[in-house]
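To keep things clear, I will list the structure first and then write my remarks on it.
Labels run A, B, C, D, E and F following the written order; every chain starts at residue 1.
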Amino acid sequence: MQTHKAKRVEIIIEAPMERRLTQALMGAEVTGFTVLPVLGGSGRSGQWSREGQVGRSGMVSVVCLIRPERLDSLLDAAFEVVDRHIGVVSVTDCEVLRAERF
Amino acid sequence: MQTHKAKRVEIIIEAPMERRLTQALMGAEVTGFTVLPVLGGSGRSGQWSREGQVGRSGMVSVVCLIRPERLDSLLDAAFEVVDRHIGVVSVTDCEVLRAERF
Amino acid sequence: MQTHKAKRVEIIIEAPMERRLTQALMGAEVTGFTVLPVLGGSGRSGQWSREGQVGRSGMVSVVCLIRPERLDSLLDAAFEVVDRHIGVVSVTDCEVLRAERF
Amino acid sequence: MEGILALAADNLISPIILSFALGLFAALARSDLSVPEAAAKALSIYLLFAIGFKGGVSVARHGVDGTLLLSLLAGVALSFILPFVAFAMLRVLTRLSVTDAAAVAGHYGSISIVTFVAATSVLTSQGIASEGYMVAVAAAMEAPAILSALWLVARSGGSRDMDSDLWREILLNGSIVLLIGAFAIGLITGEEGFARIASFIDAPFQGVLCIFLLDMGLVAGRGLRKVRGVLSVGAFAFGVLMPLAGSLLGLGAGLLLGLSPGGVMLMMTLSASASYIAVPAAMRVALPEANPSIYLTLSLGVTFPFNLTLGIPIYLALAQAATGG
Amino acid sequence: MEGILALAADNLISPIILSFALGLFAALARSDLSVPEAAAKALSIYLLFAIGFKGGVSVARHGVDGTLLLSLLAGVALSFILPFVAFAMLRVLTRLSVTDAAAVAGHYGSISIVTFVAATSVLTSQGIASEGYMVAVAAAMEAPAILSALWLVARSGGSRDMDSDLWREILLNGSIVLLIGAFAIGLITGEEGFARIASFIDAPFQGVLCIFLLDMGLVAGRGLRKVRGVLSVGAFAFGVLMPLAGSLLGLGAGLLLGLSPGGVMLMMTLSASASYIAVPAAMRVALPEANPSIYLTLSLGVTFPFNLTLGIPIYLALAQAATGG
Amino acid sequence: MEGILALAADNLISPIILSFALGLFAALARSDLSVPEAAAKALSIYLLFAIGFKGGVSVARHGVDGTLLLSLLAGVALSFILPFVAFAMLRVLTRLSVTDAAAVAGHYGSISIVTFVAATSVLTSQGIASEGYMVAVAAAMEAPAILSALWLVARSGGSRDMDSDLWREILLNGSIVLLIGAFAIGLITGEEGFARIASFIDAPFQGVLCIFLLDMGLVAGRGLRKVRGVLSVGAFAFGVLMPLAGSLLGLGAGLLLGLSPGGVMLMMTLSASASYIAVPAAMRVALPEANPSIYLTLSLGVTFPFNLTLGIPIYLALAQAATGG
């Protein structure tokens, strides 16, 4: 099956920042992404789990598949939002089906 | 630690199609996969979030780790199901522990 | 944007083992990880879904981003825990922003 | 006419309708108020169980009416026929593609159980009796419309994709099974069963309905916010005219069957209401090319609020006028 | 015998049992009906809190019975002993490996709180009193059986993996803590506390139990659907014979303790029931080689429905016959 | 003094407080007891809806008091002022950075609705009336404190990041919208609306509150377990002294407004309580450098339990002494 090179960007970010991140992505014309729930985690600011939270706290994972040439504008837009906030960003090489969708 | 080359396939698909997809995978003798929930996303058919849904709508993410030589039959089976439906498929190179499991 | 080579390790493991795994990771000085919920899956021990479960069963997915040189100690720690248990471990090359965080 | 307005006004200031309005307002104002998905699903399980059970108890109480079977048949027939009416109206009022129009039409042949519940609440608060088995009619009307929708597409040479799996999924849809099952439990355990669980399924019912409608308002509002521009004026008109047309078919059926005024009103409400759970899921599988924004917004964002606020009082007034009740 | 059958028939057409049957049917027919995980967990929190609290209030009301401590000890002893009985029966009736047999045996020494709740419901509806502290006995019986299971494996040279962490997890298991905690709250606040929250923990109790059993039926049915072939005839026989054997041990203990007829019946039910929450989670950690399909299906798919439908009436009849109550 | 102790003792052995204690114990003992997130959110929707609705009905019943508007203004003013008091105390008692101190201060200007609900429960159980519109005052006090916190940071040259989006998020925060909305629904539908849903929002209220506080105890306990060492003795002292200081400001405001003894006590409770939902979320966006462990632990782990157990009886005694009620 015919596949095409792409990048998979995974951004783990605080839930109250989710809407700001997706708006920044849209602003950078990244209109394809998927948001997954996160149960808990650990990082420099310590361990947490959704059970120990009240209200709209916690984190989410935002996954974007994107053409390689558009990666930089995506990372710039994302960095703007995550900069002062806790969270991590990773990028992986991947192949996608149906490249016309990206 | 000894690791083995494999492929990680991630298929994001509408929840009402989940059972059809996993059955197609089983049909292609792909018996190992994991289904993760999705909170929302955006694509060519616009933005959505689970909160704006009634009933069994929304999407799920299906992750398969598979030996490289079995990739094509997996993609063929998956493509059959996702073809006319919304959703995306990506493939990444990876290494797995305990290769006898795949 | 400046990125740095890293490894993305994904461990899918039974929920009752989650705390043991994260403690083993902390023991191996892996202090960064994220836990995602899993809805269901299939493997050598058959198909299951969270709906068919009572109590603290089911599985979770633990994702760690880590510097390449620390991979082996992570895998050793993880293997200790998953060894006799059902579940899978995969490792992918990736790039991360803000390397000082890892 | 005055009676309708008075009833409508009365209906409009009930906690139920105001809760829906609150949800609608919160979503349109982009508040982050939300009901967790699991909670919303739990509430709908409660409502289906309670309404089914009470229907069964009521049949156990009053005995099986001779018209039970005929009413079920009438419901199935209406569900088959209504999509054709809807399709014709859509072709006149809108420029939707055949596939989109057929998908929308399928929704209007099927029913909205919350609209049905709201109608029974109005009947209860007005002290008007109705046939307990109308719950079973509601269940019978859920699925047949899907067939009509697919037939409409197939006729135009469009693709259709109807495997036996999909059949099972539609007919054994969770809400149908729960409604019929609870009805059967109510029928079997009767008055005695009711006494045991009345303080669960009867006392808090209206309150639970408020929270559920709060969530429906939120969902409808979020949908409406996204579709500015998706729906034409003609489509909006359809969302209001179709329930009225449907209710008249329901009125005819109810009168032919000789139902009580309350029963006629419920038959009208079922015909007037549009599905937003069972049919959308089936359409995603069988007609993936149809645009979900269109059918969901029409059903949930236009027709549902219309029925809830103005439709139900109108149907009640018409049913009372026509039956002389 | 006739009494048992009449009671069983009466029991079988209660809304509670029929709700379980509905869930079972829906799952076997592969309906997509499902109770969200979060809702099911919330329901079980409600049930544990209510049953614990009511037990505590009842002890506050009637004063601490001299047999309270003895009953707790008896419960612990039964929980230790029952796995050995179960293990012996399994070795005779099935070809399960030592590890699998020991894991199953551990489940039958522990208890199912929903079976206990269903039994108290039957007592209440028959107007039969029972000792309020039986709730505490239930909590005491949850864990000891796990030790016996691990000992059975260790004895056969199998691996065992019992760290202090696992101990804390088992003894401070959520359901034990909630049950004992709510019991203590009921005991401390007594009649006055009950008056304040009775309309929450008492009135809707039976109805909540219906929805909970609907979900149990769904889970049991999904399990049964998957294991065609996993369970031998011998294993099925074990799933029915073991609760009967257990109940006789419970009967003996209850008579020795001099419990009321209701108390004896609850002691029998506890001994007869098998865990499907606390023990499975512990087994996944301590005996990962044991196959979960076997112990879950036996406990939830065979023994649970048996106790719910036929077991409870049998235990009640035996308890009444033996105590002359 | 004796009166306070008696009331405190009475308060301490209510099912509500004991449920909180149970949750706290379970979390500190590292039990795996947990209330699913969706269930906890559903419970808080119920509580907000019920308390708002009952407030609205009470205003509909007694007519709008002339002091309603003044009370709202006083609430807004208190919410603006209290963070400055808190900030000053924090600079004296602790070594927190300006940003951390400002973030904590913002929490203490805002309110905790569950503390408010617990206070109204105590009033109800003592048969003391209060102004129904205090619910609206609670809503009005949620947000202004956030501004003060940001101003405190900006004044010290710290960054602040306050876009119009954040404003909308804060003012249309789910809990504010639901509280005000339910208040409006209660006001509009009045006695008649209340009659329809009383068995949902009134009867089970105390029981639901128990389960909710069980969860609050779990969350508070998990927080406390993690922060050993994060909080200094000075910070702990602040967590107890600040609510007392706040309550005195509330007392002054209540007396100036001429509220009833119950109303004065609620005004004190609102001033004394600290936010742990709305403000933390706003702080994560606007002051991401502030450490969430500090403000969450102080608010939820220290001040909340203090208010719940000792604070509320103290405020009631003071309010009664000061008003001669």
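FYI, a contact is a pair of C-beta atoms (placed from the backbone, for glycine too) under 8 Å apart; a residue touches a chain by one contact, two chains touch by 3 or more.
Only a predicted model underlies this, so the values are computations on that prediction, with no experimental measurement involved.
Colleague: Could you run down the chains that neighbour chain E and chain F together?
Modeller: D
Colleague: D-E versus A-B: which has more C-beta pairs touching?
Modeller: Looking at contacts between chains, D-E has the larger number.
Colleague: Which chain has its C-alpha centre farthest away from the C-alpha centre of chain E?
Modeller: Of all chains, A has its centre farthest from that of chain E.
Colleague: Can you work out the whole-Å distance between the CA centroids of chain B and chain D?
Modeller: Using C-alpha averages as centres, the distance is 35 Å.
Colleague: What is the distance in Å between the mean C-alpha positions of chain A and chain E?
Modeller: It comes to 45 Å between the two C-alpha centres.
Colleague: Send over the residues of chain E in touch with two or more other chains.
Modeller: 32, 34, 36-39, 42, 203-204
Colleague: Enumerate the residues of chain B that touch no fewer than two other chains.
Modeller: Each of 36-37, 47, 49, 56, 92-93 in chain B touches at least two other chains.
Colleague: Pull out all the chain pairs that touch, please.
Modeller: A-B, A-C, A-F, B-C, B-D, C-E, D-E, D-F, E-F
Colleague: Would you mind writing out the residues of chain E in touch with chain D in their complex?
Modeller: Against chain D, the touching part of chain E is residues 13-15, 18-19, 22, 25-26, 29-39, 42, 125, 203-208, 210-211, 214.
Colleague: Once bound in the complex, which stretches of chain F touch chain D?
Modeller: Where chain F meets chain D, its residues are 36-39, 41-42, 45-46, 49, 53, 168-169, 172-175, 177-178, 181-182, 184-185, 188-189, 193, 196-197, 199-201, 203-204.
Colleague: With touch defined as at the start, can you tell me which chain C residues reach chain B in the complex?
Modeller: 10, 12, 36-44, 47, 49, 59, 61, 72, 75-76, 79, 82, 88-93
Colleague: Looking at the complex, which residues from chain B come into contact with chain C?
Modeller: Residues 1, 3, 6, 8, 22, 26, 31-37, 60, 63, 65, 92-98, 101 of chain B touch chain C in their complex.
Colleague: Which bits of chain E are touching chain C when the two form their complex?
Modeller: On the chain E side, the touching residues are 34, 37, 40, 161, 165, 216, 218-219, 222-223, 226, 276-278, 280-282, 284-285, 288-289, 291-293, 300.
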